[in-house]
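Per-chain numbering from 1; labels A, B, C and D assigned in written order.
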Amino acid sequence: MRPILENLWIIPLLPLLGCALNGLLGAKWPKKTVDAVALGSTGLSFVLAIEAVREFLGFYDSNHHAFVKPFFDWIVAGNFRAGFDLQMDQLTVVMVLVVTGVGFLIHIYSTGYMAHEGGYYRFFSYLNLFMFFMLILVLAANFALLFVGWEGVGLCSYLLIGFYFLRKTATNAGNKAFIVNRIGDFGFMLGMFLLFRTFHSLDFAVVFDATSKLPREAMGQFGTLTIASLLLFMGATGKSAQIPLYVWLPDAMEGPTPVSALIHAATMVTAGVYMVARSHVLFTHAPTAMYVVAIVGCATAFFAATIGLVQSDIKKVLAYSTVSQLGYMFLGCGVGAFGAGIFHLMTHAFFKALLFLAAGSVIHAMGGEQDMWGMGGLAPKIKVTFWCMLFGTIAIAGFPPFAAFFSKDSILFSAYNYEHSGKALYTIGLLAAVMTSFYMFRLIWLTFFTEKRYDEHHVHVHESPSNMTVPLMILAFLSLTGGCFALPALFGGKDYFAEFLAPVFGAAEAAGGEAGQSLEHTLSIVAVVAAAIGLLVAWRMYAKKVQRRPSQGLHKVLYNKYYVDELYQAVFVGPLVWLSRIVFWKVVDVTLIDGTVNGIASGSRAVGDTVRRTQSGNTRSYAVWVLVGAIVVLAIIFWPILHPALFGEVR
Amino acid sequence: MVPTNYYLILSAILFGLGIVGFVFKRNIIAIFMAIELMLNAVNLAFVAFSQSFGKVDGEVFVLFVIVVAAAEATVGLGIIILTARNRRSLNVERVDLLKL
Amino acid sequence: MTGALVIFFVLAALAVVGSISLIVQREPIHSALSLIVVMVALAGLYLLMGAEFVAAVQIIVYGGAIMVLFVFVIMLLNAGEEERTNFSKLATFAGIPLALAVTGFIAAAIAHSSASLPAPEPSGALTSTKTLSMLLFSDFVYPFELTSFLILVAILGAIVLAQREN
Amino acid sequence: MSLLTQYAFLIVPIVKIAILVFIVLTVDAYLTWIERKVVAHIQSRWGPHRVGPHGLLQPLADGVKFIFKEDPLPANVDKVAYFLAPFLALMLALTSLAVIPFGPQRFTVLGYQTGIGIADVDISLLVLFSITALAVYGVALAGWASNNKYSLLGGLRSSAQMISYELALTLSVVGVLLVAGSFSLREIIEHQANGHLGLLGWNIFGFTKDGVGFTQIIGFFCFYIAAIAETNRVPFDLPEAESELVAGFHTEYASMKFAMFFIAEYTSMITISCLATILFFGGWLSPFPASWTFTHYVPSLLLIPLGLWVIFDGMRYETIFGRIVLPGVGTVLVAIGAGLIVFPVVNEAIQGVFWFLAKVFTFLFIYVWMRGTLPRFRYDQLMSFGWKFLLPVSIANVVLTSAVVLWRMH
């Protein structure tokens, strides 16, 4: 008897309901009602999710496989069927809990943060819609439905980035996010087509069973599976902001901070990771793709970290750190440690959400100021925020016993053991870790210590209301404890999280053995040392009095993000715009299409000018025309009769 | 016994004459009458066929044609009366407001 | 059976002459009279073919009602001699050949299909009015009802046309 | 002889036509006399009494007058129509009589099967209607042709009136047709033949052999009123309303042409009376049950007293001529009556014709009577009466009758 599990659709439906209510009626409602609807729907779906998980665990114990239930047919064409099928397995459990839980917390936070913003109901309507699509994404049992959620969250991200649609930059950022994602989705769709062409189905079960029966493709071989996996990964790069499609995420910070926390840190951007992990069977059978994933992930982690070093906008820093952390996740997946990747995904969801919300709280306190050079010495004024931020920073920096220590550690460990140039990957990852702890502590010092760099008379720094701080504390607690599932692994015990996910990913990782045990200890010590180095460098540079130096040289390059945007502008956007303006607009649209239309118009007018002479208004002439018509008809009728030779003898 | 062809040819001739009248009469009433003439020619053909095939259907059709002609005459003449009242002329060539 | 042929040719000649005079007459009333002649002649032909009911209806409805309407309208509008204007060059030049063409077409079709026509029923085998009515009210009952509706509509139309605006 | 028999199908009808036309013309002539006399007496005048005893020769005098009168041709009339109109009128009026059977007998002349009455078509009623339908042209054309506003108005009126009332006329007969199930006048009459019931079998009462019946009285009234309108008689004589239109459509006609219209009118009166007789009053059927053979002496019993009265009246007539002629006529009548009694064969033979003529003359008398009694309708009254009363009623009659007929079938 599993009431919720059997009606899994109810979990995503609740946020949709909230979205509809707020979106259609919320305009007239007071804030309280809007809050009630939004929080109620998300909170309830969180509770139900927990219940569903409980029921699922019971279900799993009795019969050892994922729970899949088709609810109704969505598309049925020929032998193609895409049903509204929802599934629940350990991976889903993690995602659902993260999404609903973190989502719920961020909703609470938003009620405080957005209190003084216009379009209050609109914001929550969008947020609920996002929840709906995200849940669809994680609950989907086939690629088609997953793609629905995929595109849906993309839409919501677009809507929320452009929430302040009166700001040009915001709308541009929204467009950028949307368009860049299109590129990735293009690859994703191609991947789906290929999969369907190969397996004649998009259901996870079917596809993965078929795949697992196929032989594992050799390294460097580009077989169907490899190509499919790469195409899917292309989608992932788009959604999860990996090289080369990461450019949209930093701009996405134009959106309200809770949005950055929920969508662009905790949940949506991890969808790519989830998707890759979900289709791990494909990837494990395509080592080439795995390698690519690992390299891209690793590169992104390092690359984004370097940019993060010098950013001055507090949210930009966090954005690049997000990109870099996502890189870690992909690195984990790439080297086959899907469990580690998902583990990092979860912990990252906690501490990055925490960091963003804390940053939001800071911005709130500063009355909208985002530039760290305009802050400083805030620690005594906003203690709660400070402590939470500090927790998050320590967590991301990877000091034990905080969450990221375990997750990042296990990723690096797996990378180290990866057969293809694992050491290189490990090294780069380690450097990224150093830089991570550096730029995070840089952020801490610039924001909370050192002397004030703002005008007291204009900015009245104040602690945020409780409905913002409480979620902060909860998240801080989570980022502290989130990693404890893996705690025993350190002392030869077993990794509960990996254990939990084992049914999904199989006991692939855990390159155990006594040697592995000792190696793991050394590596984790190395990691801690790396974090400590970052901390010390940051302290050395920013603990004393600081002033903004004019940036030049490498600093300048980093500050301008390697001019990647400019590069894209020059290489892709510029030519495309030129092509559109000159060819598609001037030539195709104006000349061809408009030409055709006008040509038709003027042509018909010309015809009319000539033909209207027949409209003499003289009935007798009309009579003659009738005659002509009659003759034509008669000719058509009698032709066969009059020329039997042509048509054979009639009758 | 008269061959059916004779009737058919006669009806063809009448029809042709009807057309000629239809084109060459200027008086709208006369044109109308030419149309009636054509209808009659067709009726003749109908009856001839029905006789030659020994079936009554043709005659039924003639009845229908006559009914239609009656209705047509009613409305048509009404229109003609109005036209004549407004245009003060029955010459179709003078009723030419419908030109470009 | 030359008698029938004689009658046929007399009536046919009457019809043709009548329709020619319908065209050449300038007075509408004379045209109407010619048309009546044609119709009576046709009625005669119908009788000759044994379609007596149709003949009667032809005279009663066509001769007795429709043409009376025509005459009535002619008298009402006091339609005088028609003026032979020639504004329509088209009709003047293209009319005759086109009319000939149509007639030719029909004649050709008749000439072609004449062979296939079955021999006519021997005279005297009158299609009795009974069979006609049977057919009319069994197979053709819906068209029949439709015609009645048509007539109703025509009546309404005539009334609407006739009443003056006020 | 053989030639005669060979062309009997031409000769016999021609002869019959000649006889019929002669009789009809005479009857027309004396109908005028009767009319004038009756109307005069209704208006308490003497009527014609100069020419011949009781003005009996007046019709002859009129005829002579018509023939010798000058025939002026009005200025710029439409000649064709002007000349055509009276001929048309008279021709159609006379033709319509052709299909009327005056008696039950059928006999063979020169091996040619025929009966009393010229043609015996089995759609005679339809033929009759088609001819009467054409009758309107005479009047209309006359009105149009004579280039005279009164005539035109008369023509217009008559054509409008005839169209309007023709509907009612035709529809009112449909009832009878439904009952009889035939277009043939002869069959219609024979259908009314009803041995033991006599006149109750006529359509006017409509009893069938089994005693149940549906009366056509509504149909009859519609028919008779419409018929009067068709013949342009009082009270529907608007086309020739003297007080408004001088003489209506025949204002411009004189002498023989006028006479033609005149004759045509009276002939159509006769036709209509015959029709009424046939359709509703059993045609040549005797009003008495067939079993009463003694009623065969009714003709004699009418003729002999009439003859005796004529003789007695002639005895004391003022003019010598009258004293000579009238008794002569009287004796002839008496002789005929007696002869009928003496020769039963002849008596039997004339029974049908007698009753037929008797009924027809009754209707003719009613015509005259009405003229003497009723005022003329106003035009709008005429129209609204025709369209709004007569037509619906006759339609209702049709519906009713058909319902009854159906009910009888099942």
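Definition applied: a residue touches a chain if its C-beta (ideal position, glycine included) is under 8 Å from a C-beta of that chain, and two chains touch if they have at least 3 such contacts.
Remember, predicted model here, so these are calculated numbers, not experimental data.
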Remark   = Any chain touching chain C and chain D at once appears in the list none
Key: Centrality ranking, top chain (CA atoms only)   = B
Distance between the centres, which are taken as Cα means, of chain D and chain A, whole angstrom = 107
Inquiry  = Measuring centre to centre with CA averages, how many angstrom lie between chain A and chain C?
reply    = 84
Message = With centres defined as the mean C-alpha position, give me the chain B-chain D separation in Å.
response = 36
Query = How many angstrom between the C-alpha centroids of chain B and chain A?
reply = 79
Inquiry  = Could you pull out the residues of chain B that touch at least 2 other chains?
reply    = 19, 23-24, 26, 93, 96
Ask   = By residue number and range, which residues of chain A touch two or more other chains?
value = 616, 618, 620, 623-624, 627
Remark   = Flagged in chain C as touching 2+ other chains are 53, 65, 69, 74, 76, 87-88, 91, 95, 98-99, 102, 106
Task = Using the contact rule from the top, write out all pairs of chains that touch.
result = A-B, A-C, B-C, C-D
Complex contact set, residues of chain B against chain C = 1-10, 12-21, 23-27, 29-30, 32-34, 36-37, 40, 43-44, 47-48, 50-54, 56-57, 59-60, 62-64, 66-75, 77-82, 84, 90-91, 93-94, 96
Ask   = Hey, which residues of chain C end up touching chain A in the complex?
value = 87-88, 90-91, 94-95, 98-99, 101-102, 105-106, 108-109, 112-113, 116
Ask   = How about chain A: which of its residues touch chain C in the complex?
value = 616, 618, 620-621, 623-624, 627-628, 630-631, 634-635, 638, 641-642, 651
Inquiry  = Per the contact definition, I'd like the list of chain C residues that touch chain B in the complex.
reply    = 1, 4-5, 8, 12, 15-16, 19-20, 22-23, 28, 31-32, 35, 38-39, 42, 45-46, 48-51, 53-54, 57-58, 61-62, 65-66, 69-70, 73-74, 76-77, 79, 82-85, 87-88, 91, 95-96, 98-100, 102-103, 106-107, 110, 114, 117-123, 125, 127, 131-132, 135-136, 139-140, 143-144, 147, 150-151, 153-155, 157-158, 161-162
Ask   = Any idea which chain D residues touch chain C in the complex?
value = 78, 80-81, 84, 121, 123, 126-127, 129-134, 136-137, 140-141, 143-144, 152, 155-156, 159-160, 162-163, 166, 170, 183
